[in-house]
Amino acid sequence: MNQIPDTGTLHILNKAPGHPRFVACLAAMSNQDTLILIENAVLALPDTDTVLPRQTLALEPDLEARGLSGTAEPGQQISHQQLVQLTEQHPRIISW
Amino acid sequence: MNQIPDTGTLHILNKAPGHPRFVACLAAMSNQDTLILIENAVLALPDTDTVLPRQTLALEPDLEARGLSGTAEPGQQISHQQLVQLTEQHPRIISW
Amino acid sequence: MTTLIVIDQAPYGSWAGREALDMVFSLAAFDQPAALLFTGVGVNWLRTAQSAKGVGQKTVEKNLSAAPLFGVEKIFAEQEACERFMPDTSSRLAGIDLVASVKNLMTQYDHVVFAG
Amino acid sequence: MTTLIVIDQAPYGSWAGREALDMVFSLAAFDQPAALLFTGVGVNWLRTAQSAKGVGQKTVEKNLSAAPLFGVEKIFAEQEACERFMPDTSSRLAGIDLVASVKNLMTQYDHVVFAG
Amino acid sequence: MSTTLSYTLVITGAPWASQAPQTALAFARAAIAGGHRLDRVFLYGEGVHLASSLCAPPSDEPHWPQQWSDFLSDNQIPAVACVASALRRGLVDEREQNRYQLPAHNLRNPFEIAGLGEWVDGTLKSDRVMYFHGSA
Amino acid sequence: MSTTLSYTLVITGAPWASQAPQTALAFARAAIAGGHRLDRVFLYGEGVHLASSLCAPPSDEPHWPQQWSDFLSDNQIPAVACVASALRRGLVDEREQNRYQLPAHNLRNPFEIAGLGEWVDGTLKSDRVMYFHGSA
């Protein structure tokens, strides 16, 4: 897992690319924020139309289900255990 | 109600503008087709970002609920009774 | 603790927006600072002259007008979405604060919550 | 009577796509001509190497491979969406017919049906 | 315009999660008023929740399952919830309760539980099949 | 990293209509494994369907209501379905059944029915409140 700054907001996004809330989430992110793609949102990784923030992580079981383990960099994939750790480090969390 | 050609497909759309299926519906329409906006889709009428097909109708109770009776031309508003009549005239109907 | 409840779904198409209102009223009832933000197609909640009898529902306009009375601190709406769907300002309910940056507004609240 | 069942929702996020598959299998079981079309994010159903155990579900890839055996006539996919999400053709399941125009394909079927 | 047509209505959106049941009911009433016949109403996917006998919305709010029941009974229209959709989502009649040893049954009268074959039958026999989906 | 935190989980997505219950369960297990405490699980809106005692999915498919019940009981975690959401959608316990004269009750053990005050309480007392929404 990449080095995570312990400031900023954790944005947890479960909508597929093209969903209005997917677009709204990306627009609401600041530089120091972290994006976690879960469920349908992991389809943003192979999506050639989506530009993701620098600090983007994705939930491993959701990537695997959709055949996307290969599209993520190793440091981008996180387990549920690591997701819990990220919520420890970030008092501000928004679930989109 | 405008003069409806009795050929072409009746497209019944209930998704709000910005929903992926809203966009897909408009892209799948041919010239002789008719679009019926119902439920959340009636928000397409006041939407300055949406260009609607020439032959577009909208369900009156859904317009009224959302305060939109004024935004439709009189001939554009249809009752449920008129919607039923349109389904009589169109053997091909797609509900988006 | 301050909470911003966000409504980004169209009115009358589902109960999600009403259930978001219930959340903000509930916070206010327990004297917790709470505000509402309408974004995207959700701004259509703020249009005047709604009349939902024909779809078998109650008009939400009244619930919204009651929000300040029940202690909801502010009702915000995304400016860009308002200009998109309600360019005529006379079609908008009174007492709404337009926000140019949803991002900036969100950072001012401890909790930012969608209802569904 | 010919039917085209359309899947435009992402896999695993809900049961809607599986229930669309059940519809097409059901038509085929009653010897009714039926085909499948995947559009938008729905084309991600057609990716190889899916493994849904970690989300507590069964992998849908197998259901799709069985479609021709059960009498489903064709599996179509929107070309543009495939190029967007699966530019590498080796990541796509075999036996899929790419369509350049969803509009044209739809006009060739008596019924065009979404599952939800 | 005065031809009598037969319709099958398919509802896939749940009450409270969508407007589908209320739009479908208004359409059904207009179809009957227009002299048409409703062969069958088929609930699929999330739409099966319309067939619950346990919904108790506040008395000043619409009660779509009740309204639908009344309409179906008054007009003697068969209504079917897809068995696979219903069992997953917790809608069962007495027979399914016994088969799966469940603590209760909650299928509202006059809805029945049956397979997708009823839908296929509708697509073959009705002049029109209308779908009422969720809008989310 | 080794601080113990308390969590409230809010689930607004229904099983089968969304992945919310399964994602929330995986998160809950990881939180417990990480030494944290779950104060409460709160079902809201469509999420109340998770508390049905009548779901009977095919035996080779996941049974999320059952999995959640087992997890809650094993770990003695309180779980509450919002009363307003639940009554509309046909999820009732014995008390609500009697109050509204309904033919049955279908609330799964150990879920309870209570008001939004439980959610407000969670936002005040838990270190983190996590939301699990539908994705449609």
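A, B, C, D, E and F are the chain letters, set down in written order, and residue numbers restart from 1 in every chain.
Here, contacts are C-beta pairs under 8 Å (C-beta built on N, C-alpha and C of every residue); 3 or more make two chains touch, one makes a residue touch a chain.
Predicted model only: the values in this text are computed from it and were never measured.
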item: Co-neighbours of subunit C and subunit B - touch as defined; value: A, E
item: Fraction-based call for subunit F against subunit E, same above half, different below; value: same
item: Maximum centroid distance from subunit C, chain identifier (CA atoms); value: D
item: Separation of subunit B from subunit D, taking each centre as the mean of its C-alpha atoms, in whole Å; value: 27
item: Interchain centroid distance [CA atoms averaged], subunit A/subunit E, Å; value: 39
item: Contacts with 2+ other chains: residues of subunit E; value: 16-17, 19, 23, 46, 61, 84, 88, 131, 133-136
item: Numbers and ranges of subunit D residues touching at least 2 other chains; value: 9-10, 12-13, 15-16, 40-41, 55, 57, 114
item: Multi-partner residues of subunit A (at least 2 other chains); value: 14, 16, 18-20, 39-40, 61, 95-96
item: Each pair of chains that touches, named by its two labels; value: A-B, A-C, A-D, A-F, B-C, B-D, B-E, C-E, C-F, D-E, D-F, E-F
item: Touching residues (chain side subunit B, partner subunit E) in the complex; value: 14-16, 19, 38-41, 59, 61, 79-81, 83-85, 87-89, 91, 93, 95-96
item: Subunit D - residues contacting subunit A, complex; value: 9-13, 40-41, 44, 47-55, 57, 59, 61, 83-87, 91
item: Contact footprint of subunit A on subunit C as seen in their complex; value: 8, 39-41, 102-103, 106-107, 110, 112, 114
item: Interfacial residue positions of subunit B with respect to subunit A in the complex; value: 18-20
item: Subunit E contact footprint on subunit D (complex, rising order); value: 1, 3, 15-16, 19, 22-23, 26-27, 30, 32, 111, 113-116
